[in-house]
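Going in written order, the chains are labelled A, B and C, and every chain counts its residues from 1.
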Amino acid sequence: MDMQNIQNQLDEVKTQLEALKKGASENKVAMVVFSGEMDKVLASFVIATGSVAMGMDVVMFFTFWGTPVLRDKNKKVGGKDMMGKMFGAMLPKGPGAVKSSKMNMGGMGTAMMKSVMKQKNIASLEEMIALAEELGVRIYVCEMSMDMMGFKREEFIDYKGLDFAGVATFLAEAQNSKVQLFI
Amino acid sequence: MDMQNIQNQLDEVKTQLEALKKGASENKVAMVVFSGEMDKVLASFVIATGSVAMGMDVVMFFTFWGTPVLRDKNKKVGGKDMMGKMFGAMLPKGPGAVKSSKMNMGGMGTAMMKSVMKQKNIASLEEMIALAEELGVRIYVCEMSMDMMGFKREEFIDYKGLDFAGVATFLAEAQNSKVQLFI
Amino acid sequence: MDMQNIQNQLDEVKTQLEALKKGASENKVAMVVFSGEMDKVLASFVIATGSVAMGMDVVMFFTFWGTPVLRDKNKKVGGKDMMGKMFGAMLPKGPGAVKSSKMNMGGMGTAMMKSVMKQKNIASLEEMIALAEELGVRIYVCEMSMDMMGFKREEFIDYKGLDFAGVATFLAEAQNSKVQLFI
């Protein structure tokens, strides 16, 4: 047992420690927002803003039916093909237009829920998005979904920290996050 | 290369080790039960009880449509406002009243599934909840959802380990859990 | 401060390091595919194949409505009881028969989506499954669901890496995975 032997052991320990540190998760929440219903998107933002409040970094990946929810109802874009026009017309335009997944009842239930939320001082979806932006929640809009539904970048809401990306970009974030959810 | 130098390196390694240990996840499953359908809630309890059997700690956060599933059909509470009465009447009262998300067919499909499950010795939702209680699965009922739907604490099932909490309480659990699911 | 003391500290550090390594997650994605709709199953395979491309191991657990999606439409099995025949007839037979969760419109919307996907060179569900097989994505079919729905092993698709398992087998994989999703 000599000094050199000790130093060698110590170096080996350090190498293993570095490998562990490299594989360790960051204090981050990564969410896929696939569903476009009011209640589910609202839940995703409640989790997002709550996570920031607890010191976590948050990244949301809006895909499929989640994508149209982030459109700006006041923005108009041209140059869409027939399919793009159909998707554009049939899917809700922005957070104010989404319906509840249950008890929608032709829109009456969704309106009722919005009214109850207002009365109980529960933030609306539009307010939650504004809060998320303020808190630095990052948002990716799925490029494959945009391509499929014919959405253009110019028709999305103004949101600092919104970017357009493929699934690989999101997976790289999810891979080293502590919490992952598919909503 | 002297003894003091070695000791200094060792102390640095110990500090890094402590930091890693602090960030490491607990052997725990954290689930958000958002959906209130029989099949999805059943799946969440199959995962919950299965996880305990594998030595994991389990915590479930019942929110939105998951909330009414935990009401006790034999408990009656008064003093609700009109909206609370409407939510109370329209949402299923307890695990025996929930419907399947598919093939419900006006309740006939749900009844058919229940009958098949019984015949195949697959535990019912009520039995799974009782088993989860016995196994120490912890349940949080979301306070925001209760507030929105006008539910009162007195109308929930008797379940040892059931508590009422906000999303922050759940996120603190999810943050250091190995597995997280949104159901 | 002597050599023996240093060696003792070093041994303690090594023990703690081993414990941490044992608890560390593998670079793996574990998904529960509960929903049987075209869009959700497609999303699960986009994530699966994307994760492999990023060097992650992937395991998918098909349960409930996800189960029938993996049936082979050209395989016929006999000896089912009445309930099994009903489930078999009512649930989609294979990836070509599944419908979209939204905008299905009696099948017209699903057809429209498939046509757009083809036009935009987005892989179909059948192509994604073939790619996943090639990339080594492992699939478990839930035995409890098979039992409930009366499905037999012989009616599932030929897929290298497909196995039949209970929830415990999947949870053992999820427990040491970096990413978990319930779809």
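Here, a contact is a pair of C-beta atoms (placed from the backbone, for glycine too) under 8 Å apart; a residue touches a chain by one contact, two chains touch by 3 or more.
These numbers come from a predicted model, not from an experiment.
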item: Interface sides of chain A and chain B: same vs different residues, half threshold; value: different
item: Superposition of chain B upon chain C: rotation angle, C-alpha, nearest 5 degrees; value: 120
item: Chain A and chain B, separation of their C-alpha mean positions in angstrom; value: 22
item: Contacts with two or more other chains, residues of chain A listed in rising order; value: 3, 6, 10, 13, 17, 20, 24-25, 180-182
item: In the complex with chain C, residue positions of chain A that touch it; value: 1-3, 6, 9-10, 13, 16-17, 20, 23-25, 32, 34, 36, 63-65, 83, 86, 90-91, 144, 147-148, 167-168, 171-172, 174-177, 180-182
item: List of chain C residues in touch with chain A within their complex; value: 3-4, 6-7, 10, 13-14, 17, 20-21, 24-25, 27, 39-40, 43, 46-47, 50-51, 53-54, 56, 101-103, 112-113, 116-117, 119-120, 122, 178-183
